[in-house]
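Once you scroll down, you'll see the structures, which are given as structure tokens.
Two complexes are shown next, each including subunit A; its partner changes from subunit B in the first to subunit C in the second.
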Partner chain A sequence: MLDLWASLPPELQDVLFALALIAPGLLAGAMVLRGLRPLPLVGAMLRRFVWVNALFVALIAVSVGLGVGLLAQERGLRQGSARAAEKFDLIVAAPGSEVTVMLAAVYLQPSDMALINGAQYAEIAGAEGVAFAAPIAFGDSFQGAPVVGTTVDFVSHLAGPLAEGRVFATAEEAVAGAYAPVDVGGSFTPAHGHGPAAEHDAHEGFAYAVTGRMAPTGSPWDRALLVPVEGVWAVHGLANGHAPGDPRIGPPFVPEMMPGTPAVLVHATELWGNYALKSRFTRGDLMAFFPGTVLAQLHGLMRDVRSAMSLMAVLTQVLVTLSVLIGLMIMVRLIARSLALLRAIGAPLRFVFAVVWAYSAALILSGAGLGLALGWVAARGISAIVTARIDVLVTANLGWPEAHLVAGFISLTLFMALLPAWLAVRRPLLTDLRT
Partner chain B sequence: MTPALHVENLRVTSREGRVLLDVPLLTLDAGQSLALRGASGAGKSTLLHVLSGLVRPSAGRVVWGGQDIAALTEDARARFRRETLGLIFQDCHLFEELSALGNAGLASAFAPARDRAPIRLAAAQWLAALGLGQAGARAVDSFSGGERQRIAVARALAGGPPVILADEPTAALDRANADALGADLVRLAAEGGRMLITVTHDAALAARMGRQITIADGRIVEDSDA
Partner chain C sequence: MRACLLSLLLITAAPAFAQTHDHVAEAEGLRVVHVWTPATAKGSDALFYMEVENTSAAEAMLTGGEAEGAELELVGFSYGAAGEAWTVLPGLPIPAGAEVDLEPKVLALRWSSVPMDLVPGAELEIEVEVGGQHLHAHVEIGAAGDTGHSHAGHNH
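Showing the complex of A and B:
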């Protein structure tokens, strides 16, 4: 049986799982409503206490929306961070923390790091199977946007053809990320460092002219200003990696003239070549790693957090379900007189039961539907905020996990709505009639 | 066919054991009309509730056309009310968000499919007969007290019951409306050969009935037929 399940396509598994979740509730509804027509009365009751009902629906919607939004957001963040690291096949850096290097080189979170020297870089760049090895030199900024020294190969690899202009050709030119704060044709003087501690006049007298703009990548690089690594070295008063007077930019660099770089992005000619290169440069004086793997490990470590979030979402739904149940019992008291009238004029108990259940179901389904929409809107809104804050494009769309959550919630609450319906038909008829 | 009523050794006691109703014998022929009179708390409404099966007696028999409803299950008593009785309450008990026609034809909501259309048709006809033919689509909260009670009467009659049980149907109405409704109620019951039993403090309404019974302390103390 498990083998059969495992052999099904994932989409079919999701559909079947959703159906299995919602089936008990729908089955209960089909049995309760079979042959009866309570909807006109349910509609009247909904209109009778429209504000109370609206409040009840809103409470369900908010709780369902929170659960849905939480799950969608978490997945969106995970997918966004993975997408941002996609272009970073293999990174080589001085030994240290892979996470620190990944945060600095992939997500442009500034950090003090040891440097790879010219000889080490030359060995990496010259290794068999290396298509290009791009230094990534960070430490400067402009109006909060990181200024990163690298090569033309890296610019092309990261974003493909430029959206506007051309790539840098001299050490004083720059390419702007899609949302960087300088237009093509403009210029900027970098500050040394980042954030409030940045020294704005440290590089006074030096300016980069922006010659092109990259297409959006959905990564922090969209806000970055990419410059030739030679420019970064030069602006710090260091040798520029080439022989004195040599105006060229980009590799090959003269090892003795290269000041060093915190990280090197290595792109292999063949995908499998990355593994050999990683193995080769994982040694005492160098550290090579796949950012995707480190990210997967991080996500793995965060699985507990994710499980906790999922558990919280489910627990929230359980609490809401209990609240809904208690709320429904209270609501039944509001409609007790109408129900007593129905019983008095001869309505079968099964019909009265169906009216209460359908009334509850209308509230639950409206709340869940609205909650799904609310969750989607909330996830989109929070995604926009998160994207703006961390510069990683987070797209939180509703998926099957949310559908499963809502299906489970609906099914459970529809099933539990049988209880207030049962209690309703056990209420003292005459007492309610006289209320 | 209108069933006759035969009540025998009927007792209703409270949980504390106090006797609320003690009726050794009460019979009523099909098509008769009866007014139940007495002071508040005398037991009139309790008797009406027992006769309608809303209250199960502590002892005795309540036989309608040969069927003792005291021995029936709750669902069977509901079915008896649905098929045999038309109930009218003092304060109308209408669904405020439904139209006049929706209220008058309320029984169509839970009637068997084959009976739904006839009930709705009858509801419209009874509303017309009670002077509300043009107002069937209006929400009931826009009607006066007298009109609301007429809608309740139309609801009681829509299912074509052979017996009408009314609990103070004119108590909430002014004199003119009470007289008009009382006259209509008695006329419509008589025209259909229906039995009409009404609890009332209204001497004018009671006077329209073929028989009057006065109840005090749960016992019949006066019977105009005796």
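Showing the complex of A and C:
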């Protein structure tokens, strides 16, 4: 049986799981309503208590929407951060924290880091199987956007063909990220450092001319300004990696003339090459790691938080529905006389039971449906805010996990709705007729 | 005659010397150390992790292995928006004097659809193909959530 399940395509597994979740609730409904037509009466009840019903539906919708929105958002954030790291095959840096280097090199979160020297870089760039080794030299900024020194190979690897203009050809030119604060044709003087403490006049007299703009990548690099690494070295009064008077940009660098770089992105000619290079450069004086691995480990640690979030979402929804059902039990007392009249004119107990259950089910289903829509809107709204804050494109769409959550919720609460129906038919007929 | 007998003795005894410690399998300068796998349910894919050392004078190619007659594929990990993925690699060269770590979410030998439950404490032997050698290694089966061998860090 397990083998058969494992052999099914994931989409089919999702559909079957959703059906399995919702089936008990639907089955209970089918048994309750079998051979009866309580819907006209239910419609009348919905119209008669329209504001109370609207309040009940809104309560359920908000609780479902919150759960659905949170789950979709968490997944969107996870996928967005993973997408942003996809282009960073292998990072080599000085030994230290992989997480710190990943945050600095992939997500452009500034950090103090030791440098890889010219000889180490030359060894990495010259290793067998290396297609290119791009320095990633950060530290400067312009209007809050990171200014990163690198090579032409890196620009092409990160974003493919430019959306506009051409790539930098001299140490005084730059390529802007898709949403960087400088247009093609404009120029800027970088500030030394980041944030409020950045020294805006430290590089006075030096300016980069923006010659091109990258296509969007969905990563913090969309706000960055990419410049030749030689420009970063020169603006800090260091050697530019080449022999004096050599105006060339890009590798190979003269090891003795290379001031160093905090990180190097290594791209191998073959897929297996990345793993061989990681082994080769994991040693005492260098640290090589896959950002994807570090990110997967971090996301793995968050799995427990995700499970707790799912459980809390379900609990919240069930608690809200429970309070709605308690409200319905009170309402049943209010309409007890009408229900008693129904029974007095010959309606079977099962019909009264079906009316009350179908009334509760209508509120639950309306609330769940509205909650799904609300969750989608919430997820989109929160995504836009998160994207603006962390510069990682987060696109939260509703998926199967949310469908499973709602299916499970509906099934469970349709069962819970049997309780007010059962209480309604257990009421004393004569007492209710006299009230 | 004595030399011939001695040679014969050495050849027949080679497999015994190839596995001197429960955590180590070695032959001709190639060593496989600390082979382990997390507990795996029947029908799922098992991933074997280990350290492979090449102390010989020549590059050795790690290509895969065998377990209970089934092929073990060398696979590399990747992670992106679509989630986690393991891709089959044709082989991995281990330079002379170098070491390669097969570790979670990086590299592994994969046994697809294991025919039985791999439970902690159970005995399992696999064959690791490296540098043309077939090294027989004992596998330590850890708990499902384990991230390393129980003797990781020990220098056998």
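Criterion: the second predicted complex is superposed on the first by the 426 of 435 C-alpha atoms of A that agree within 3 Å, B and C clash if a C-alpha of one lies under 4 Å from a C-alpha of the other, contacts with A are read in each partner's own complex, and residues count from 1 in each chain.
The working rule: contacts are C-beta pairs under 8 Å (C-beta built on N, C-alpha and C of every residue); 3 or more make two chains touch, one makes a residue touch a chain.
Please read all numbers here as calculations on a predicted model, not as lab measurements.
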First, second, both or neither for A:144, with subunit B first and subunit C second: neither
Touched partner set for A:430, first subunit B, second subunit C, both or neither: first
First, second, both or neither for A:276, with subunit B first and subunit C second: second
Touched partner set for A:252, first subunit B, second subunit C, both or neither: neither
Which of subunit B and subunit C A:337 touches, first, second, both or neither: first
Complex contact set, residues of subunit A against subunit B: 35-38, 40-41, 43-45, 47-48, 337-338, 341-349, 351, 429-430, 433
Contact footprint of subunit C on subunit A as seen in their complex: 2-3, 6, 79-80, 82-83, 85-86, 271-272, 274-276, 278-280, 282, 290, 292-293, 295-297
Subunit A-facing residues of subunit B, complex: 49, 52, 54-55, 74-75, 78-83, 85, 87, 89, 93, 95-98, 102, 106-107, 109-110, 113, 116, 155, 159
Parts of subunit C lying in touch with subunit A, wherever the complex brings them together: 41-44, 76-81, 83-84, 87, 89-95, 98-101, 105-107, 113
